[in-house]
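Got some structures for you, see below.
Below are two complexes that have subunit A in common, paired first with subunit B and then with subunit C.
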Partner chain A sequence: MRKERSLWSDAFNRIVKDKISLISLIIVVIYTLIALLVSMGVIASDWQEIVGPEYAPPSAEYWLGTDFLGRDVLRKTLYGTKVAMSVGLFTCMIAIPVGIFLGSIAGYFGGIIDEIVVWFYTTFSSIPGIILLISISFVLGKGLTAVYIALGATSWVHLCRLVRGEVIKHKNRDYVQAVTAIGGGHWKKLFVHILPNIFHIVIINASLLFQVAIKSEVILSYLGIGVQAVPSWGKMIDDARSELNNDVWWQLFGATIAMFFIVLAFNILGDALRDALDPKLKGKES
Partner chain B sequence: MQIFQYSLRRLLYLIPVMLGVSFLVFFLFNVVAGDPTPLLLGKNASAAQVAELREQLGLNKSFLAQYLDIVKSAFTFDFGRSWATQQQISDIISQRAWPSLTLTLPAFLISSILSILISLVVSFYRGKGLDISIRVLCIALMSISSLVYIIIGQKFLAAEWELFEISGYEEGFPYFVPYIILPVIIWVVLSLGPDIRFFRTVILDEVYQDYVRTARAKGLSEKVIFLRHVLRNAMVPMITYFVIQLPFLIMGSLLLENYFDIPGLGSEVVRAANSNDFPVLKAFSILFSVAYIVFNLITDILYAVVDPRIKLQ
Partner chain C sequence: MKKFFMPLVLSMFMITTSCTKSDSAKVKADGSLEKVLNIVVGAKVKGFDPNQASDRYSGNEVARIYEGLLQFHYLKRPYELVPNLAESMPEVSSDGLTYTFKIKKGVMFHDNACFPNGKGRELTAEDFVYSIKRMADPREQSKGWWLIDGKIKGLNAWKEKSGKADKTDYSEKLEGIQAIDKYTLKFVLSKPFPQFLYSLAMPFTYAVPKEAVQKYGKEFINNPVGTGPFITGKYTQANKIVYTKNPNYRDEFYPTQGAPGDKERGLLKDAGKKIPLVDKLVVKIMTEEQTRWLNFKKGKLDSMSIPTEEFANVMIPGKGLSDSFKKQGIVERKVVGLDVTYNAFNHEHELFKNNKKLRQAMSSAFDRDSYNKKFYQGVSLAAQSVVPPNIAGHIMNFKGPYQNFNVEQAKKLLSEAGFPDGNGLPEITLHYTYSTKSRQMAEVFQQNMSKIGIKIKPTGVTWPELVKLVNTKQTMMFSMAWGADYPDAENFLQLLYSKNSAPGANGSNYSNPEFDKMFEKAAIMSDSPERTALYEKMYKFAAEEVPWVIGFHRVTYGLIHGWVENSKSIEFDHGMAKYKNINMAKKADLLKKL
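Presenting the complex of A and B:
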């Protein structure tokens, strides 16, 4: 019997076979594990503890040195991993369902629903994202929840456009008409049959959305509307503005390196997923 | 004729979108953002002071009247005065647009030209060592926070090695030039990664088309195919990409302007956000939306003009 090869298992095999994509996948898994361990309180829950003198440079004792209160920068970086991963995750969890839902009903039903959704996202994308972020933080106050909602609310438009376009392409294809013929309703056609066929777009988009959200957290921290009570990479980088004048470089270093690898990994994975999942590109040499 | 009709219909579409934008702005700043008077007067203001200020700011009007005021401002560009400085907002904007443009325009031109040249070279040598190393470099550049470039650039290039001004701005050419060099360099470094990646994809999309195979079969040299056929077709998405960025140029750069003390529109947004200057934020949202929609319209029309395959509907 021939072994079944689905698009997904095929894509997974392609990614695992390529060394760089495999390493990126491993990096994402490691960061996720760190984030989980931090949220369960296993590591870095004692980031507030004052472990040594203020601004101690990196040494065998404090691998990444200490900050202005004598707290361990390595612990803060690890805690920041949890914050960054949760910002990425919650942004995706808000933006992706909204994008899929609005995009697919607009594409599938067309007509007035399409008009309304297109009007809605045109309106939404016309207002500069940064002003939306600022005003949402006025409303919700400062803090992590505001960051999730603000980033989620500003990043669904792109996915919504893509999904709408794909659903329009798919809705008149033979396999959808076959479902109509055997009596499948609209929702069954849309969510059971069409969506799985365009889901690769969602996955590719999610990997990009995730890293954009992590990068946006830094900007929000700089503007003073980011995470407040707990350490985050954004706050560490922002602190470094004044610290660098006293040659304290380790907070900047810790946060930048930590961010570098996860954003790099998601970027490479995004490319690898596109190559593996986008049928248009199959068989091309690059 | 068709283009004229199409443009007119798209122009009319501006109206519902501006109504929507006005509503969103109204909803965010007039309804959910809450009462601004404690932010402006402090906690110890008397009831009479609060009442007077509310009257002055027009907060006692009905929601409908407040919404209509915003709609009106979207079409007349009369945004009233700033809460913080009492200046006319239209004056603030015309004063601050120039410093923004002196930064963003050269930065945009340099980064566009550089990234087109580099992407042409890498896609010509696709799959080879040069291509791979530049792709890796692009992703690596994109994986560092923009704030890190600014902090490091200002600390080392400006403060330590004294190659550029640390921050500040002077009006008029050529006085502003020394102040914008470092921000421009940082802008270029920040945009090279995404730009090169985008252009490379666009060019490679064309490289595998049938017409390229035909050209090759005719015996044309790779260089001729590349410059005469591939590049011309790739121009369409490239032009779109450029035009769509223009409204962002007018808005300036929030981070760079704020960091380098350039008195442009980007730093004004940060100031307004920090001092709860709602009218300024509202005015920016509306002005940017108008610019964004208009430039979107221009792109769509350009698209149709440049590429006869695209049918207007």
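Presenting the complex of A and C:
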């Protein structure tokens, strides 16, 4: 007889069984470790140091070459990893609670609350994202905190829509009616019973949101309205615009490769999670 | 990498070649070829109101249409004022307060719908009275008011009165500026203002016709009507402004004298000829350097400055212009700017207020040599104080005591300032106008300061944002540059005068009674060895005080196509396109080689 497993351990098993998903997961873990080590000052804290000549190509000494000042591109890339991962994390930490809360109350209560929330996110999402980001970062001033808030405040809409739809679907199901029958209140029904049943959507979305936030940070920094004073992949790509003319490709290479792997990993992981967390597949062999 | 881009480059090449064919010069009625000067501008042009011409780009366009009493001599150096709409240089009273101008007879405004029958009328002294008053009209909000503020008798009182009245009354007679008769204009100053004549060569003070201002109102800025050598229609904020030669332009001639060496360089070939020499001016507004560069290489622009990233391919170190450009008849030109760049301290911020040692430490820690090499190809001049070379007040071979890169000295000064190794210092925000290059510049400064333990946080903002931050005194440090309005050290020294504090030109809010005293004394002195001595004293004083981390006097290189004649770099390029010429035979020949 097969042992009973929870949805989460089942999902984890599915992911580690699939090689590509497993590799993606490992990549995410590695990036997280790098970000943590940089935050603690163990690595890349000396990114400002001039280590060699200007524009030294990649070599055994400087793995990713040096930039226009003679700073190590590898250190800048690693520092950029911390910036990118922190932006992903904080964006999710702002956008997900907002999306869940607004989506669930809109879906559950319906009526005027639903109309207000739907009106709000429709209006919000009709403003071009990048313009909204620029204006928010103008209001909040420049810097990493402004980027967190700007991205968090602009990226909850998609999740909010999904959660609203799911809650509408679930709120009349038998198990919810059963809770009503035994005298459960609105909040109990919503947060204790419905939410756990739709939480897989949140997880999948978080994974996708994470990489969208990273990409947005790169774009903002490339445009000069993102992070200030510390290295970022976007700023490295901006530097590369003029460097490419002179055959200096390593700064672009470092930033894009670093970005490529984490974005790809999160995308694959998002897909894998969707398969793994689908409750209909629970207990079946993949 | 290169292979990857080849198809793109090829297709672009084919498109442009097919274009050039249809682009060939038009033949005029008399059988000669139409001479067109193609000028490029790197920023948006606001429009054609002299009152609003506060940036260089708008000022240059205004000066093609409008004219002032005086102008700078195109060829002579040091810069010399010569009459433009004035018949001759003015008579000045012995106390230096009264200036009497005779203006030229028979100068006609361009034909325009604002005049009766659409025919331009003659310019009179009254037009100058009107135009100067217009600078003081509170309803016009002129960007040039600072220039004459408190200097012309009765004008400030008139401005105040007009502000209270419902409507500005231009008919009131003022003592400070009067039309004695149709062709005589008299200025009476309320205090000596030795730079007054320079201000009459700046676009702010150019003559505008009352009729046009009244007819077009708010749209006057887009409807240029002047007396100048070129005419253009309504300005539509497009990316191209086309000017044609003014057929009724008075008899003006190319200068017959120049600076030493001008004759050998062929700059006097057209001496004595009637100007303007070209039939048409096409001003193209291109904000992207890459676009300008490709257009220049195709011969669609007559000149441009060398893009930073192309510099190594264009100018070969120790050899000058590379052969491939020389073969195409392109010539290089070195432009020594009358300017100074700086990272200013906000002296109203607690940190810098009375902390001279800290300022000196930061100045000593700034490695100007490598900065110069990185961003100016090593050709700019490391500034020793605030006044650029080639004007009185700059001291040749003077070495500012804190302008030299010296980490040891910087560390010592920093600990004397009470922050050994930067301990106890907060992070210092440096605001700059964002572009990739200026970000890199700020990063170098950040890196230099980190060597002595000072943490800098470079923060990029837009130009209007930076101006706002500086004007409201909300910065700690900020990056800026100042370009001369006229060739007088006063124009630079006033940046440190305490009464010019933000929102005035002294954005650093530097305030020092000793400096103020010297400045006030020099400001009313006319050009003399005594004044130069005083300027030099202030120059040294500023070097010792380090009011800013003083950067560079910039030197840039431009490229010019071989067919452009009479091209000489001039800092005050107001309306100088009228002197330029095109050698059409040479152009046809050289275009084939591009």
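Keep in mind that, in the parts below, the second predicted complex is superposed on the first by the 276 of 286 C-alpha atoms of A that agree within 3 Å, B and C clash if a C-alpha of one lies under 4 Å from a C-alpha of the other, contacts with A are read in each partner's own complex, and residues count from 1 in each chain.
Just so we're on the same page, a contact is a pair of C-beta atoms (placed from the backbone, for glycine too) under 8 Å apart; a residue touches a chain by one contact, two chains touch by 3 or more.
All values derive from a computational prediction rather than experimental measurement.
K.L.:
Contact-wise, after the overlay, does A:Phe68 reach subunit B, subunit C, both or neither (first, second, both, neither)?
P.N.:
second
K.L.:
Tell me which partner A:Asp238 touches in the superposition: subunit B (first), subunit C (second), both or neither.
P.N.:
both
K.L.:
In the overlaid three-chain picture, which partner chain does A:Phe120 touch, first (subunit B) or second (subunit C), both, or neither?
P.N.:
first
K.L.:
Which partner chains sit in contact with A:Gln228 here, subunit B, subunit C, both or neither? Use first/second/both/neither.
P.N.:
Touch status of A:Gln228: second partner only.
K.L.:
Is A:His158 touching anything from subunit B or subunit C once the two structures are fitted on A? First, second, both or neither.
P.N.:
neither
K.L.:
Under the stated touch criterion, which partner chain does A:Lys188 make contact with: subunit B (first), subunit C (second), both, or neither?
P.N.:
It touches nothing on subunit B or subunit C.
K.L.:
Tell me the contact category for A:Gln48 with respect to subunit B and subunit C: first, second, both or neither.
P.N.:
second
K.L.:
Of the two partners subunit B and subunit C, indicate the one touching more residues belonging to subunit A.
P.N.:
In the superposed model, B touches more residues of subunit A.
K.L.:
Applying the document's definition of touch, where does A:Ile219 land relative to subunit B and subunit C: first, second, both, or neither?
P.N.:
Touch status of A:Ile219: first partner only.
K.L.:
Could you say whether A:Lys142 touches subunit B, subunit C, both of them, or neither, answering first, second, both or neither?
P.N.:
Second partner only.
K.L.:
If you lay the two complexes on top of each other, which residues of subunit A touch subunit B in one and subunit C in the other?
P.N.:
Looking at subunit A, the two contact sets intersect at 138, 224-225, 238, 241, 244-245.
K.L.:
Taking the complex as given, what residues does subunit B use to touch subunit A?
P.N.:
Subunit B residues touching subunit A: 16-17, 20-21, 23-25, 28-29, 32-34, 126-127, 131, 139-140, 142-148, 151, 155, 204, 208, 251, 254-255, 269-270, 273-274, 276, 281, 284-285, 288-289, 292-293.
K.L.:
Applying the document's contact rule, which stretches of subunit A touch subunit B when the two form their complex?
P.N.:
Going by the criterion above, the answer is residues 119-120, 122-128, 130-132, 134-136, 138-139, 211, 215, 218-219, 222-225, 233-234, 237-238, 240-241, 244-245, 252, 256, 259-261, 263-264, 267-268, 271, 284-286.
K.L.:
For subunit A, which residues count as touching subunit C in their complex?
P.N.:
Counting only subunit A, the residues touching subunit C are 48, 50, 54, 68-69, 71, 138, 142-143, 224-225, 228-229, 235, 238-239, 241-247, 249.
K.L.:
Contact residues on subunit C for subunit A in the complex?
P.N.:
For this pair, the touching residues of subunit C are 1, 308-310, 312, 374, 434-437, 439-440, 443-444, 446-447, 450, 456-461, 465.
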